[in-house]
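Sharing a structure with you now.
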Amino acid sequence: MLICVVNPNTTASMTEKIGAAAQAAASPGVEIRAVNPEFGPPSIEGYFDEAFSVPGLLDEIAKAADADAFVVACFDDTGLDAARSATAAPVVGIGEAAFHMASLIADKFSVVTTLPRSIAPIEKNLIKYGLMARCARVRAADVPVLALEEPGSDARRTIEAEILRALAEDGAEAIVLGCAGMTDLARDLERKVGVPVLDGVACAVGLAETLARLGLRTSKRNAYAFPLAKSYAGAFARFSPG
Amino acid sequence: MLICVVNPNTTASMTEKIGAAAQAAASPGVEIRAVNPEFGPPSIEGYFDEAFSVPGLLDEIAKAADADAFVVACFDDTGLDAARSATAAPVVGIGEAAFHMASLIADKFSVVTTLPRSIAPIEKNLIKYGLMARCARVRAADVPVLALEEPGSDARRTIEAEILRALAEDGAEAIVLGCAGMTDLARDLERKVGVPVLDGVACAVGLAETLARLGLRTSKRNAYAFPLAKSYAGAFARFSPG
Amino acid sequence: MLICVVNPNTTASMTEKIGAAAQAAASPGVEIRAVNPEFGPPSIEGYFDEAFSVPGLLDEIAKAADADAFVVACFDDTGLDAARSATAAPVVGIGEAAFHMASLIADKFSVVTTLPRSIAPIEKNLIKYGLMARCARVRAADVPVLALEEPGSDARRTIEAEILRALAEDGAEAIVLGCAGMTDLARDLERKVGVPVLDGVACAVGLAETLARLGLRTSKRNAYAFPLAKSYAGAFARFSPG
Amino acid sequence: MLICVVNPNTTASMTEKIGAAAQAAASPGVEIRAVNPEFGPPSIEGYFDEAFSVPGLLDEIAKAADADAFVVACFDDTGLDAARSATAAPVVGIGEAAFHMASLIADKFSVVTTLPRSIAPIEKNLIKYGLMARCARVRAADVPVLALEEPGSDARRTIEAEILRALAEDGAEAIVLGCAGMTDLARDLERKVGVPVLDGVACAVGLAETLARLGLRTSKRNAYAFPLAKSYAGAFARFSPG
Amino acid sequence: MLICVVNPNTTASMTEKIGAAAQAAASPGVEIRAVNPEFGPPSIEGYFDEAFSVPGLLDEIAKAADADAFVVACFDDTGLDAARSATAAPVVGIGEAAFHMASLIADKFSVVTTLPRSIAPIEKNLIKYGLMARCARVRAADVPVLALEEPGSDARRTIEAEILRALAEDGAEAIVLGCAGMTDLARDLERKVGVPVLDGVACAVGLAETLARLGLRTSKRNAYAFPLAKSYAGAFARFSPG
Amino acid sequence: MLICVVNPNTTASMTEKIGAAAQAAASPGVEIRAVNPEFGPPSIEGYFDEAFSVPGLLDEIAKAADADAFVVACFDDTGLDAARSATAAPVVGIGEAAFHMASLIADKFSVVTTLPRSIAPIEKNLIKYGLMARCARVRAADVPVLALEEPGSDARRTIEAEILRALAEDGAEAIVLGCAGMTDLARDLERKVGVPVLDGVACAVGLAETLARLGLRTSKRNAYAFPLAKSYAGAFARFSPG
């Protein structure tokens, strides 16, 4: 089984880290292919960056026709609905994956993400998925995404402090890490804070693999129907079904 | 006052129709500039098409630095959140505009859109805005967007039939037309069906104009903060603040 | 175009202030007529006062048969549903107006009103309109309505302090002023606190004017149908259609 | 114990019928005093009529200072919040009473009311109370309120037919009769349709009596605080605490 | 009229206290029979204990075929849905009873329960009943259930302190005591804190008595239909309808 | 890895069928142990049967201390919260599993269950999980659970007909089969109806396996804390931690 994990930003070091986390989470015999678009923003911080990452993300999905399942490895689940329309293979976002898995092991969870501007997109996703009822609070540690890539930054300590506030103030029983770049922190933080700490990359690989193993594919009725044949004005030839 | 109305698809005849409707709705002294992107899909039918129209939409917003307000003239409110991040001028989507205005003149409204694949994006927007509580039902007349541009098509009759079903079955007290391409049908349909029929283009122009007149601009705190300075990998130079 | 702005309380100085704000917000060529009932309470603070202001409000609406649109200038949207039944002209409440407009420029807003007893009516309205999802919190500054009319009161400072708490604690991106008597404070407070501060009077005038310009009138199907012909026991002859 | 049941309309025959139903529902030793205002509409059908019935309703409450509890006997719970502010004695609306009691004996109930214009006020109340989650549907039998007072009208048959539709289509497990004028129909309809049929008058008397027996009185903190001392412009002297 | 009050735990001193509170709340002429199961946990603290108390609770209901109504006297409303299926007599849980009664005398209430593990079951019940909209917050005083039975424990003081926090922080207008073992504290706490303090036992007796007096019985359509005839594997012979 | 799948009813043929489906869904190397309680009802149809199956279910969980994860194989997720309290290993219900997985491949799904009395428990679970927003409708095919075990019954045809109604009337994009006894029908029905058809047993095995592989265990903070040491009155000695 081949799972294509698309990091929708263009920062290769992050793609590598995500790929390693994905492979570690996968069952024996599952191949992970971690990729990122050739064009687009180096990190996704808010709605504007999201918009410019989606065409590149869809480009990667079109290139990976041999994949059995896809993971969209941005915690905002950037372009997830469009990706589901582009393929019949199952597509799982790391944000939704973490929310669904957290709902299975805790009555209520809190999310700790990077910047305050990312709170609204995450809350809107939770409302869209129906899972806001299970989320105690979405919090931002005020750490830029790429600070997570810098050795020696105090990002990890800042995130841990925000998790402790979530436990003290929100009634949270589990913590969801709200950025793909935090994927390597989950285990260590879990040991420190004493409740489950969920990394979306691992959760999404597990769900994508399960969907593929069970033969569950994206419904093509209504919302995620294949795009109609039309020209995209020459700019994105790979996507023109016509 | 200048309002820039962006049709996010690339069909010029539709841009013209939208521009005429916008000008007709505007107060005296308000200038309407109707534009469409140079690249992207010719019509927006579902999540996949949305994804490819947003960069072009943002390109048009960046070009219109002199506008006092913007209207995004696709009923799915395509790219609306990203557009709000790109400018401090107010930005209004025609979908949200129609929902807000319908809420002021009716207890409950139904939406009649084009294809079944557009029902989910519209419902998700209504949930996101909070206004699902006011919407009796989102219906599709099963008419492709560009059929609305063809003289002699029976699109108008099919839409009218769907409206009558909405009145008979949904308890709707007003009807929202769910596509920018229906902008020229509202008045005539209202006369025929006997309840208010709302066109999002006119509603959005009214709201955009009002926001601009009152000096109300998009909040730059959190969700719609300006994009951080970063390179978009060369592909979209106009947007690179760095 | 004539917009009749009804202050449902009987305090003439407040009606004047509201009228001035309304005229300042209106487009050129729009005439504002600000009135208040001949009978009823001098200020509306809670459900009990609301009840006694509604007949007088409806009386003013009946007298203004020449108006193209109405504004109900009490932030609790006192009597709004009854007013919509009484006329086919559009009727806009200043509370709902501010909520709708704030939703167009911010992901989440907080409301700052006068007394704690007004929090429940405002929250219940937000739930009824569907817009509670967009409201971070309704707060009371504990300032009586008529203190806003007294020169030299420290009402303004108290309100500003409450706004700053809303920004620090609620994640609000915009502030809605929760009383018609605060209409003259919005601009100044906005400059001080650095996020949009919305005054319902200006918002409602903009929406009423837009509805009238677009020919959108209150639906007479079901909820807002004209009252049936019946005698109101002699007490309110002006309203007896029979 | 004295329970004052206020029919907020001015139709004496309806007050008598309500009084008889209330007395039949009360425990031994509970005295029922059924009254109606001296002024106001003869029936309450929609928001406009509601507005004119509330001052008279509050007048009756002020006159009955010796009552241990009050019942507001209009299914729209007209003026309920204002009534709760006017007295510390418990006040129960017949609409809310029926919703709460139905929730104790059925997973889901449907409401059958009189005219289509009453659906919206009832739905809005259900949303406000939180109990919309338990209501399958609000239906109108299209029977005017006063037709229920006419001997020989086919109102009863029309209502029964609507109940049967509710059972067939809504999944309802109980039926709430949506008008005080239907109080004498409940028992007979229950026998015919085979599920519990609830009359709000009986339910409200039971709840009011229980609140009074347990010494539970309306909270005077915030929402239902006593009105502040102010003049009501001479028109309603009885209510001026000053 | 006979009301059977089942304390679903096996602590006889608690059953006695509950029985006394129930009799004090009942109308003259209403007989209270307070019982507890022969087997099961001595207190119910969380989901696990709930599971083991339900068969015994249903056993007590089966034994009391002469009861006109039942009260389930655990604040988690343990086994309530199963109990409703087991009999046509009305069954009222003390949790739901307190929530419904509090909704009649306050806009918003807070719940103060025993242990943190009980917060989730109570919140889930509030969501299920639809009444979460009326609840400001569910709080735990961190007092074990049986500490309420120990003379000289400081449970009462701890609970009072938590109530004062609820008033200061939640905007609550009434307090619901979240454990059957607190039934004897309500009156005294109400005097101290100045808002209504509700005990579920008294509320449930009042509602059960009212349902029985009005002839309202559990609907046997769908959710609460009688169990189908089947063998329960010999273990619970009393419940086998076959 | 060992996954213990507990069928909470006592029908061995159903346990066998469930075990086979579970093994077919599991990854290579995952061992499935399918068990059922020694005591309890032969099928679970409604709240009453649920109550009597939970002690036996918890007994099986206590016996399987070597399991890495548990599946509760009744679609009502019977006793799921209690099971989560009883062990730190992850526990997944087949109802919740199907809802979560359906949410990953379809915008909206409908559920087709056995008897009308099971609709309410399923709807209440959906509300509790937060996923009602994704469910178009819960339908009953009116097929008793054990009819699914009888060769030659027309249960399969009746279920297929109900699925077709769900597609025609609900706007569903996927179908969730609402009973563990339908586990062998999913593949065949999916081929016939052309949209994904989900079996909860397979979904739950996938999720349980994923949780175990990722080291995600039930949070022991608050809701699912281990039971406190107490005697269960001798009746269920195996569960007495004391």
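In this document, chain identifiers A, B, C, D, E and F correspond to the written order of the chains, with residue numbering beginning at 1 in each.
Just so we're on the same page, contacts are C-beta pairs under 8 Å (C-beta built on N, C-alpha and C of every residue); 3 or more make two chains touch, one makes a residue touch a chain.
As the structure is a computational prediction, the values presented were derived from the model and not from experiment.
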| remark: Contacts shared by chain C with chain E include exactly A, D
| message | Under the document's definition of touching, what chains do chain D and chain F have as common neighbours? | response | B, E
| message | The B-C interface: which of D-F, C-E or D-E repeats it, judged by over half of the contact pairs being the same residue numbers? | response | D-E
| query | Any idea if chain D and chain E meet via the same residues, over half in common, or different ones? | reply | same
| request: Could you tell me which pair, C-D or B-F, is linked by more C-beta pairs in contact? | output: C-D
| query | Any idea how many Å lie between the Cα centroids of chain B and chain D? | reply | 43
| query | Between chain A and chain D, what's the gap in Å when you average each chain's C-alpha atoms? | reply | 52
| Centre distance in Å when chain A and chain B are each reduced to the mean of their C-alpha atoms | 29
| Junction residues of chain B, two or more chains touched | 84, 107-108, 119-120, 127, 133, 171, 222-224
| task | Make each chain a node and each touching pair an edge, then name the shape: line, ring, star, complete, other. | result | other
| Which of the chains are touching one another, listed as pairs? | A-B, A-C, A-E, A-F, B-C, B-D, B-F, C-D, C-E, D-E, D-F, E-F
| query | Mind pulling up the chain C residues that touch chain B in the complex? | reply | 25, 27-29, 84, 90, 92, 96, 100-101, 103-108, 129-134, 167, 171-174, 187, 194-196, 198, 202-203, 206-207, 209-211, 213-219, 221-224
| query | Contact residues on chain F for chain E in the complex? | reply | 10, 38-43, 45-52, 54-55, 58, 79, 81-82, 84-86, 116-117, 119-121, 124, 127-128, 144, 222-225, 227-228, 230-236, 239
| List of chain F residues in touch with chain B within their complex | 107-108, 133, 171
| remark: chain D residues touching chain B in their complex are 119-120, 127
